[in-house]
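Presented sequentially are two complexes of chain A, the first with chain B as partner and the second with chain C.
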Partner chain A sequence: MTASITTRRAPAAPAARVLRQRAVQAVGVVFLVSTACFAIVQSLPGDIAYRIAAGRYGYDQVTAASADTVRAELGLDRPAWQQLLDWLGDLISLDLGNSLVTGADVAGELGLYFSSSLQLAAAALVLALAVGATGGALAAARPGGALDRITTFWVSGARALPPFLLGLVLILVFSVHLGVLPAAGHGEASNFVLPAATLAVGLSGLFARVTRDAVAQIRQSEYVRFAATKGLGGRLVFLRHVLRNTGVTLIAYVGVQMLILIEGVIVVESLFAWPGLGHALVHAIFWRDIPMIQATAVALALLVVVLNTVVDLGSLAIDPRPRRREVVL
Partner chain B sequence: MSMRLNHLVVSHADSTLVDVATLNFERGRPVTIVGESGSGKSLLAHAIMGTLPANLTARGSLAMDGRTFDLSDRANRRGLWGRLMSLLPQEPALALDPTMRAQEQVAEGAASFTADSSGARRTAGTLLAALGLGHASRAFPHTLSGGMAQRVAFAAATIGGAPVLIADEPSKGLDERARTELAGLLKLHLDGGGILLTITHDLDLARELGGDVLVMKDAHIVEQGRARQVLTEPAHPYTRRLLEAEPANWNHAWARRGAPPEEGGTALVSGEGLSKAFGGQQLFSDLSVTIRAGERVSLGGPSGSGKTTLGNVLLRLLPPDAGYVHHADALRGGRLQKLYQDPALAFPARVVLWDSFGDVIRRHRLEPARLEELMASLGLTPALLNRRPGQVSGGELQRLAIIRAMLLEPALVFADEPTSRLDLITQELTVACLMDQVDRQGCALVLVTHDNALADAVTRRRIPLGIRDLQPQDKKAFARRKKHAEVVM
Partner chain C sequence: MAWRKMRAAGASAAAVLMMAGCAGEGAQDNQQPHQPLKVVGQFELHSLDPSTSGGFFTRLQVAETLVDADPQGVLRPGLATGWDTSPDGLTWAFRLRPDAHFHDGTPVTAASVAAALDTARGKAGTPLSEVPVRAITADGQAVKVALAKPFAPLAAVLAHTSTQILAPSSYTVDRKVTEIVGSGPYRIKRLEQPANIELAAFEQWQGQKPAITEVKYQAVGRSESRALMAESGQSDVTFGMDPTSLQRLKQAGEVDIADVTLPRTILLKVNAGHEILGDVRVRRALSMALDRESMATALLRDPEMAATQLFPPSLPQWHQKSITALSHDPSGARELLARAGWSPGPGGTLERNGKKFTVTLRTFPDRPELPILATAIQAKLKELGIALEVKIGNSSEIPAGHQDGSLELGLYARNYALVPDAMVTLADDFGPDGADHGAMGWNSPALTSTLNTMASGSDTDGSAEGRRQVTEILQSELPVIPVAWYRQSAVVSQRVDGLVLDPLERSWRLTDLTWTK
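Here is the complex of A and B:
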């Protein structure tokens, strides 16, 4: 017998495939975002050298001479493409450069910003999931009931209220009038409450809506009915079948909403003086601190990629079905 | 124990969907209800179980072990589920939670699961092993074949030791071999002293189960008796009609035509040295296939043997691992058409049917009159076109799919299990419509089916595909475990 051995490449483990795809995506994102940032800063009105000099020496000290000094020192008079290539070259060697204003090492400061932004985003996400998913699941128990109508109202209300306005309202109520929570600051648990809540309100409404629809649909599914006729009580059916399958839908949806979360982080950090990436980005733009703008923008983009990777791995963990079907037997 | 159903009436608004006087069930004696879709047979099962859709009302009573249950109260039997009565669902692939391993889904049905979950898991493992699924106990449902999923569902439905088992269309979509296995499983339940009520439109399953057969039509039972008698010497005209609808008993004019054309007829599709593997399993290798004009060929074999895959390779919808497929010029311009197993997935769900057909007519510049003509000859009223796919029956939708294929005057029609989801009478009507058109237009037909009787009735040449391996079943071990479960109860 002729041994015909068909060697077929073993399909990569799904988790490894996700990590590989996301790593490629991260590299692409870094180059696109930093190039776009550079182009936008170059096209902003006003002389960059003057703005940087103002940042360094104060507005009163800005003269044509000091601006020229800055320009010569930082090589701002070189053609734009040379400056961009310099930055990209440094990026490849993982050198983020120094702040044009303070002269501090960007990489060193970035770590701190990154971790505090991540903390804020994670706190907001956990809060939004806890409130939204619970509310949605309860609303689905009685479609058309009081709670169902409240979540519908909550969704439209929360979406209609932009984070900067909501943040101001929360500061007015809880910090100014009631005086129970700090309006700004960092480092203590109480500092988390208002910024995280501001971010979570909008998201929780969306999560509640998606959870409600998913739970209502899964309750009608064949496998939930079969679980009931197998003899499982209502609570067990919910815990063992409805919950996990809702998670599949909800986690995918969370992935889609990551951009909204990061967008909110930038606004909310500025509002609550939270020392994160968004706060740093806004200040860097103000002072035309190009290395800092690029580094924070890239870091924010990477934060989206990181959170999406976590979401992908999470949905892989609870849903074993293949994402692509090649052949139907 | 015994079970008795008294004066069951299921109604929706003013229409009566089920009206049955008295039905007796005894241990070890199977009761099978046959009939076409819409006869009310499934509703009868769900009325007993207490799982009717919310918009239907039931009247009547169910006596079980000296207790009487009012059937109008759908909640009073909830406590019996899994312990006294259990339901084997229609499509096991949908009835298993896609995110949970087989063994867990079986274990949770055990009465002891909340108190001793690891004990329940062990019991589930033994039960699955006894059903020949020891290797698949850690598998997720999407990796199981239809027959394997059916066995997992059977284990999950019976692990609680419920003496009453209701099986609702359990053989839907199963091939001959899986159906025989299923009949074996249901007999195991009977041998353990269980009560079995099976709802099916599959007369072969009814034959294999034996016992009593009830024939249902338009909400009423029109004939009942021993399976052997009812299914061989039917008394009621409707039962006779049902038996005649089995493909082996068909007698149509088109069945005698379409003989294999002499060698040298135009080859429409020719595949040379085709190989395809999927998931590490070689489905076929070095296979050469030629389909000639006017020919009627079937691709047969059990589910999982790769017949749909071979079909898709021949249609050039999938690339083969080795070999090549050549299509004749006669197939250009939409003159190769495919009919799908589930027509509901072959029409856009939210688009009115008329728009779907309008697109085809405009794209190929056809005469709109031709659509009317085909609608009439397939016995469909034009008003159906104003509805959406979900608003017409499965049989009607498949006939509409046939019309859509035939509008283009194809040289070759490729039909992939076109009637495996339909009941016997609807199947005969649908196949008759298809073959009538095939005959009239003289086009070639490739029929994918696991039903040998259907293949014999319709086609003249068969391309058989491989037989999958199955684990041997250890029925004795299963019977032992059943007894054990009852002692524990």
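Here is the complex of A and C:
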């Protein structure tokens, strides 16, 4: 009996536990978020049928007749709870339904918007990490040195510059004056550079700051000093001890920033005409496209769960120290 | 150890190469601007259905309508080479262009055209759904339209973009449009909703082959971004410029600007059934209060766009040069309001029998000039002692407010030539029951009978006189108060020649463009 309990608490358990907990969380989040979205949209002022008709037919052709057609076609006269139950029923069978405005499959549309936003966020993250983490680590090598002061200046400057302004400046320099990059648009590899750089500049400052502080702190730690004392070379100490321990702090921080990044790309997406989640959500809310709003919100909520899971697993992998008392016992 | 070093070096090299690759590609694009033509505009493609796609595919010359129109609005052959009407005006026959082909290679048959029109007719709110059609049938290489009563502007209705003819392969069994297979000079090469459309010249097109064989359309929402794309040479033809960017680009002088006055008027819809606004003297006073020239100069950056009557000069048949122009006359407005019983109250706001002159104006931001014009109107009316509350919401609030009677004033832009014959839109807008985008609580038997006579086609000689009467009635009764006309501009890069804008916004005429030698 005792033996079997010990087996269940074997070291492989933490990862499985993380996955199990997060799966339960995901189901709860999907239910709560979609119900809340539905309730909020229903309570917004204005006749939903007219709003949808304005989205479908444009401002030149939105009329009472087109609104009536929309109402009849979509069954908007049915009681709200019936509409909500229909949506939840479809959701259980993994059917996100069709957009009320465009008539297209929500899953397909969402896939396109989601992947463009993720691609942009990932490109920005890679760029920010490359610049920020390297800068921070170098600055920490000599706290108070010239590079450290430049990094501090960079951090404040990058944070103080709103992305919209920075984006415009980058377009003016690289597109209008130098003519080397496209100003806006989507679909070609070169289209990535300016929006990703706009997002990365602000982020890289933060990463530099966090990396610099973490590295500086870890360099002062006893285990690093011990490693140096026992005769390990500087590079080996950095790679084996400093880098791994900095990773623990940095992974958790990057996870949080990734979320803020994806949800915060709206301004940059709009400036660079990037067909992403921000674009989709704003249009869907304006048009009262309920399935699209629900699906987008659910996708964003699930993304939070997924990223938290990845951060947890990542931290577990590079920092396998036990976290729960029973394992220690 | 050595392996770790190699891995780190490899990762850095890959990152550097990726960045270099991106930059290299951008530079290459810029060196070869001639393929394809890049068109940028504000319109997004949300639906393929001809009744809701806002004329995208006729503008891009992918799909054709049976009837076309020249820039003056005069009808000319489209997919139909000609048409006849029976003596009683109840049967129309449209002869199709022989050997016309759809982009999937199938011939354009009368049966497929009749099916496309039947589908269009079933969509609520389209002009064809308002026509008294009994049946649309195929008859050899002609399409026959049988009417329940004569309707003279039928050919003009069949020039409306919602009646574009798509191949049978465009539709599903339940007549939903899943792809655009038209018969025009360009065919769809790739389509990614909502922002990207790629076109290629259609090899089997019988007319003149377009000089530019590939076109890329991209929707860009912000006007600043569009201006920067035009300025950096990323786009060849850019639509939807805001007045400030346009002025800046004009001054810089590195691009060409094409412009045309549209048959679109920005107007104030007035609830004439309202206890205050029902008085024609009050409506005239509101009109006199507006300083249209200043608004056009300061806000639209184009003084010529100050409206002097409802119909802009781009509707030459309806625009009346001799009519007394609407003008700014604050003292005249005060006099009219006094005669209507309104006098300044203690707070400066006009009052009548203890009731204040307070009205609400609804407008929407989809056309960026509307909210700023609304606030200018608010300021001018305040000078007269009228308290105007401006509500900026969704475009659908104007038709919704019309239906439930809660609308007092609405500010929007109305295009009178979506159907090339403005009569069709006017008959709807100013009919006895009013319309969502027309009169509200206002009826003029004289105007209705004039329009009815013109619609039945029984008075062809008197049309000019009829149009004059219509314009004069609208000018004196003001069921809608004209504010400004509208000029559309496009920025054209110096790589391209030959862009002439169509005032009817039916086509962007990309087939007429050539690369600069």
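Side notes on the structure shown:
Convention: the second predicted complex is superposed on the first by the 309 of 329 C-alpha atoms of A that agree within 3 Å, B and C clash if a C-alpha of one lies under 4 Å from a C-alpha of the other, contacts with A are read in each partner's own complex, and residues count from 1 in each chain.
We take it that a residue touches a chain if its C-beta (ideal position, glycine included) is under 8 Å from a C-beta of that chain, and two chains touch if they have at least 3 such contacts.
All figures in this text were calculated on a predicted structure; none of them were measured in a lab.
In the overlay built on the shared chain, the residue A:318 is in contact with chain B alone; chain C does not reach it. In the overlay built on the shared chain, the residue A:161 is in contact with neither chain B nor chain C. In the superposition on chain A, contact is made by A:223 with chain B only, not with chain C. Ranked by how many residues of chain A each touches, chain B and chain C are led by C. After overlaying the two complexes on the shared chain, residue contacts for A:182 are found with chain C alone; chain B is out of touch. Of the two partner chains, neither chain B nor chain C is touched by A:310. Looking at the shared chain after the overlay, A:248 reaches chain B, while chain C stays out of its contact range. The contact surfaces that chain B and chain C form on chain A in the two complexes overlap at residues 236. Listed in rising order, the residues of chain C touching chain A in the complex are 1, 4, 15, 19, 21-23, 25-27, 29-30, 46-47, 49, 51-52, 54, 123-125, 176, 192-196, 218-222, 224-226, 228-229, 231-234, 364, 366-367, 393-397, 399-400, 402-403, 412, 414-415, 418, 435-437. Those residues of chain B that touch chain A in the complex are listed here as 49, 51, 78, 81-83, 86-87, 89-91, 94-100, 108-109, 111, 114, 140, 142, 153, 156-157, 160, 162, 276-280, 282-283, 285, 303-306, 308-309, 312, 318, 321. Across the complex, chain C is touched by residues 46-47, 50-51, 53-69, 101-104, 109, 112, 126, 130, 168, 171-172, 175-176, 179-190, 192-193, 236, 239, 270-273, 275, 279, 286 of chain A.
Across the interface of their complex, chain B is touched by residues 4, 6, 8, 221-223, 225-232, 236, 240-241, 244-245, 248, 318-322, 326-329 of chain A.
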